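Once you scroll down, you'll see the structures, which are given as structure tokens.
In what follows, chain A forms one complex with chain B and a second complex with chain C.
What follows is the complex of A and B.
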């Protein structure tokens, strides 16, 4: 039962809505005037730490961060 | 006893299948009295089962007359731009085109495309460029608009927009994979929208 609903081009290319929305927001932020741009770029920063679990205990976490020196 | 109960339930359901069920907003507590009576006959010591609607708060009722003002809640992930502000009209950039929302608008969920959102209050018009998002228009003339990024038009740098537009148009021409094409197309759309917003 193939649905014939028209999908947006980004969905057809395999992108999810959240990815699309974040790309749009990033593009808008890149076109701001200073100093708002610097503040805005702060909002794009991502910081997260990932740890795999084995035997009920977390292993050493992997850190992914845009803030240097962390 | 429970086998009998299910027979009673199915009997009362088939009896009612011809009638149209009202929406939960119109009849806040629909307790099927014939079912409750039949239940009490079979299981007098047990409470009749609850239905999901009895746990739900009733939806805010639609005023019988159309309110004079539209209440707008415009939120971003990092700030609440407008909260409960009463305005005359908002024009939102829906994917189906610019949509004007007046008090008493039909309840709608609209996906927004990159474009200008304008809030009209008397003679005041405040314009924002919205990157994308959704607008929920409720029956009680409350509009919830959510966006990831929204900036007043004065804060957009025209030269950056032109640069971006040229860059992405070029990327679109040279893109190979579907994903690259999609990203380049998004870039072209967003920058053209910003361009139109600044010049329009």
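What follows is the complex of A and C.
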């Protein structure tokens, strides 16, 4: 079949398939016309706070958000 | 004479009465008449030094129980409306992972070296027992999968499970996620979360523990298993459902390994999305029934308090009547 060295460009850049499909979806959303576009972008807002743990202790939490500081 | 009255009535005539001068009554009255006047004087004293038995304490309790009942009823309505909104989305999202299970099969009992248990719970409380059941299942999975050379780590979503698991499994926690419910749940959010988990945790099998929503009163803790692409390759050599993967024709320039990797990541993201929605539904349903039983309990408590209140009130009225009548008859007898 195809050679195993031909990974898609996005995987070579370190992205997972999920990130790749999200970027594509965002592109499609940005193609919408005005009122629907604002609604669609509003609908897909991201906000959560992640914290890694090491040895039973949480480290400083990372906030992944489109609206940081809110 | 007044002092004798005080002494006779004992503790019921408290310092507040003594502080108030009863000069108007120091006229040539008998002690009984004075007693009745004192009584009439101080009947409206309320909580301080009443002659009649106080109903204030019971009244306060009734007021607070009624307020609590109103609050829990309102919370139930809010949970019901939120449930209606999320339920449609959860049921529709089931179609996202069903093709994956049809293709790859479901292997909950697979034996792998590194398992990661993803526990989904809520951030807010007052939702019944759903968070503790999820934690129980997670701990059981840990016991099932731990052993020599085998490793189990926890990823915890939600404050409530974090608090419970912190107590005894804190060394096995690798990631915690909170504030997921700040914005309405959507796929973008869950996929970023899934991406973070994939990047930060090494796993052979991911077991997602959540409450599946069957109906407003029934939520079952469920485990969804997602395998990593390497394990899928290994299993497909063994045979069974995964062995049929080779019979599929692959288009384009990709190899089976790459497609499996993409599929595994996407499967994780879809399963997480469905799990998060179902968990949210179950949380709303559990909160509805918890608040409903709480309002009912408050109603029963209110009934019992009302009975006590009425009994106390009637007893005090009867005591007053007895005293007045006995005073009056004593007067007549004295005449």
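Assume the second predicted complex is superposed on the first by the 45 of 70 C-alpha atoms of A that agree within 3 Å, B and C clash if a C-alpha of one lies under 4 Å from a C-alpha of the other, contacts with A are read in each partner's own complex, and residues count from 1 in each chain.
One rule holds in what follows: a residue touches a chain if its C-beta (ideal position, glycine included) is under 8 Å from a C-beta of that chain, and two chains touch if they have at least 3 such contacts.
Predicted model, so just to flag it, every value in this text is computed and none were measured.
Trainee: After lining up the shared chain so the two structures overlap, which partner does A:33 touch, if you call chain B first and chain C second: first, second, both or neither?
Mentor: The answer is first: A:33 touches chain B but not chain C.
Trainee: In this superposed model, does chain C or chain B come into contact with more residues of chain A?
Mentor: Per-residue touch count on chain A favours C.
Trainee: Answer with first, second, both or neither: which of chain B and chain C does A:55 touch in the superposed model?
Mentor: second
Trainee: Which partner does A:23 contact after superposing on A: first (chain B), second (chain C), both, neither?
Mentor: After superposing on A, A:23 lies in contact with chain B but is clear of chain C.
Trainee: Figure out whether A:46 sits in contact with chain B (first) or chain C (second), or with both, or with neither.
Mentor: A:46: touches chain C, not chain B.
Trainee: Show which residues of chain A both chain B and chain C reach, each in its own complex.
Mentor: 21-22, 25, 43
Trainee: Which residues of chain A touch chain C in the complex?
Mentor: Going through chain A, the ones touching chain C are 1-2, 4, 6-8, 11, 16-19, 21-22, 25, 43-53, 55-58, 61, 64.
Trainee: Can you list the residues on chain C that touch chain A in the complex?
Mentor: 170-171, 173-180, 182-184, 186-189, 191-196, 198-200, 250, 253-258, 261-262, 265-266, 268-269
Trainee: Report the residues of chain A in contact with chain B in the complex, numbered from low to high.
Mentor: 9-10, 12-15, 20-25, 27-33, 36-37, 40, 43
Trainee: Which bits of chain B are touching chain A when the two form their complex?
Mentor: 78, 114, 129, 131-133, 148-149, 151, 155-157, 160-161, 164, 178-179, 181-183, 185-187, 190-191, 194
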